[in-house]
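Report on the following structure.
Chain IDs A, B, C and D follow the sequence of writing; residue 1 opens each chain.
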């Protein structure tokens, strides 16, 4: 049997660990052969393949990014996309596909299986950890680690100069990275997209922190927004993928805080450093196990499914169900963190 | 209300984060006061206390170790231990106790509550992750991270010199650290206490690795043992705590491998570096949440319970039940890792 | 003898290590007592002091920032500043001052000594490494390490998405951090303040990198500028210290590159993460030795001098001479790095 | 022109960075071609070569170890060694050799040039930093960083349990790693091979540390020795390279300290983790510059020379002179650190 593998969407530490898990177990235990498709769904659409055998996956476990490349190409938005994919699979004699990606990539896999009978297995990937069917996705722990280390470093500058330091982390629709790194880093304010913040309350927390002679750290998710009427976005142009760029909440906060409290404030935008580089041990372990279980699903002929983490177990769930709803931060969980604000 | 806090057993990254969580929430939300007891159960036995207020817990989140000190003192092995604890609690006007520790420390808490009605809440701590009632304990992720980073470093030496490198990690009775760091680090052999290993099989894995021109890394838990008759321990003296020192499996392995395969082998014993230093982001998050939920249990008068992680939720379980059975590595999980051996 | 110590200017990893070195050696070997002045020159101006003995410096070696606080207060710009400093020194019975700081802080120390006979010894501090009298200043190695780790992480994202990633690092007037981290991180373009860059040349380098199927990393010092007429700064407002904020070269570059090459480009601004947090081993060693030698200069009555690193030796040089000229990147050294561009 | 490159002796972070620097500059600026020889002097002896062009050196900058492999083969101890090397060079049309290695590897290069006229350029490599002609060698900073991070972690365990922790670091003949990491890590005792230690004095330092309620860290170089009559080595067998294994000073110390002071003591042997893995930013910068300057020496026909660091400059010195004398820790420098003992 020949199995195709592709990675789609934004990159994420652990993608290579999944690929390695799939190929090692598939080759050694089941005798499968593998075809790597380049750049997400562009690969099967255009017949662009990469060699994918035991030798190709040696040494990739600790490496960030993906040896297969990635893109956001959607075959359902392409002329004749499904037919072209079928042709590539036929030509390459590929009998099953493992798609590693986020909502978009897995959404395509679900439709290819359900509407067109193409045998797909999904592996969930979102650095934002906002997929409802799984406790965690790989890449998230690495991102939280990078953000926490940055917050650790910023504390000393904040204290030495009695300044406010604002850290903008990833999270367009869900505040998981902000919440976890803010708690782990000892932030004094954490702002998430799930709950509009009141800039006046933020300033009160900041002032109460200064009163005990400590300088505050504010962690803000890139998608967090102030209450209606409190913010005018400086830049809402769209990027080349058609996504709105909501850049600016971090810088906006620093300016507002300076003008409202009279304290100096500075912003650090962590950006892509959160999603690149070597995965944390947790993410390597999770991604490796996702890979091992994905190829087991292929062997079982259990298509249309996605692997997921529940507690310490890897389970399988229908892809369609998994991508149906965004997993956002529960208000009670956010309230729990509130004891550390101010 | 005044609440006592103590930390017992071996140190573990995250202890300070628990203490901070307890004190911050207890003080700010419930108006409690706190008494720190020094060096585990020695503190309430001898009336040795530490100031424990908001100021005392500032800045301790990222610090390893415990500001309260630790010991393995067991009041049930002391003359009149329970009465002396009662007296200290009465004198300090302490109405509830939070005990942070492993099997031994929590076992005392369970007996104090069940046999003597002393209101205790437990927070589980074991760097080995071998407590059955919780998915993870804090400190474990940090230890796995330290071990994985060491394995990453050792790969390059192994490859450059075509040597076997043996890494001995913690885990006297359970192989969790070995299994997770071995998977995350890309080890070629992982040996755990749960399953006696066959040194001949180990050497076959090593030789098959050399055949593809790669040099092997062997990760071995300190408690792993070869099959009957294969090993003579070089040192089985007891340490000052009365535990048998099973040191030597790493060095023993290197010598056996050298003599059986003719390949050079070297051992690194990671030792205490695995349990010291700043906690990982995951461990800070888990320990902080354990602290917040432990003080909630106190407020609810829900004594004799221990906080535990299930999936992403913090729950409460009876201490006695939690410490009844060691959580060891499941044979199926160990077998899953076997695809990477050799 | 009582000796005063102060830290001025922007914070820098290693300040606490200097303070510890001064106090440990001064107390233990020479029997001196110490007075810490709070927030740079503000301390002696306003008589604001901090306890500074062996106990106060315990555990501060690995901590970033400064336990003395810092400011940019200049006594020569204050009414009657010198007289007020004299009064504080007399009142505190301080017979010598150790000033740890950059050009401004040390310039004050030089004038206090030369014009007013106040016995000062200087310890150089600039994270930018732009002081001519010393091979390196502490903090620089830490900053380069933080920037290099970020570049390592960004490589994987650049490759996976075939994007240009721009990293803006510190360096308003000197490109040392950009040059060292760019070389260490394997950047494909390094831009420094010492040499105006040609955006067209930058784009040619980027395109040649893409031709071999690799994605480029551009490291740019915050003070780097394009050739006349190529850039319009988006923001040249002044900050609360009166310094012009030249923010924007990183973002400007990404936009120019996108519009000129048609490739996606993203910017990461590392900001204050470069100057906070625990110092590298090199910086702890250098800062500690600076401290030990500064107190030796006090003991020798060798005032008006600053400690400096030459090769592996610590020497003393006149403060005035040391701060006279900025140490910028030599054109030949920059040219040496050019082999890696493109 | 074709240039040969080889790496000999123990591995060291930065070897790949040297190779990359040589090949990038040699190819792009001088139009040279390169031949990699495998496993040190074994390569030219046996004609075992590796492809070495721009493509082969892509991505190797951050990788530890050496893509060329290494060995301790000495052609002067081989039958007809020099003639065989000449034949390989002639066959491969190699007109110059760059040898990257320590005393042994460079000693061979010096003799090949001086006695046989074979045009060699040397690049010094010793993780122990014990080469007299250069301020630093690459790999040393990485090793010090790894050791310092370990010491940081051990402090918390030492404090929490009031134990003595002994850290054994590399350094058979020179104590540079022990001295630098001990100073950077805040060790309370540092023991180096250059000066025999008095175990009674060590125990006095340890006891004085406990008196102020702090727990001591002892950093000991593997080659450190107690005064005559104080130590009986437990194991002085020779390894497969014929070197005497002086293992045991760390464990010996812990046992002596326990029995003499009654305090618990534990040992961590850092071993090969110090010499593997990704090089620090400083080492990447130094190794890269060594590579760039080595190929310049080839272009200048300046053979029999070795590149070296003096302050911030790279210079050339005769290989023979450079390897003549071991650079050991100066007694005055060691005494300087003594203020932190106890």
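Convention: a residue touches a chain if its C-beta (ideal position, glycine included) is under 8 Å from a C-beta of that chain, and two chains touch if they have at least 3 such contacts.
Keep in mind that what you see is a predicted model, and the values were worked out from it rather than measured.
The chains in contact with subunit A and with subunit C alike: there are none.
Most remote chain with respect to subunit B, judged by CA-atom centres, is C.
Here the spacing of subunit A and subunit B, counted between their Cα centres, is 30 Å. Once the centre of each chain is set as its mean CA position, subunit B and subunit C turn out to be 40 Å apart. Distance between chain centres (mean CA atoms), subunit B to subunit D: 35 Å. Taken residue by residue, subunit A touches two or more other chains at 152, whereas all remaining positions touch fewer. In the complex of the two chains, the subunit A residues touching subunit C come out as 10-11, 13, 15, 63-66, 69-71, 146, 149-150, 152-162, 165, 239-240, 258, 264, 266-273, 275-277. The part of subunit A that touches subunit B in the complex is made up of residues 24-25, 28-29, 58, 61-62, 135-136, 141, 144-145, 147-148, 152, 180-181, 183-186, 214, 278, 280-282, 284-285, 288-289, 292, 310-312, 336, 339-340.
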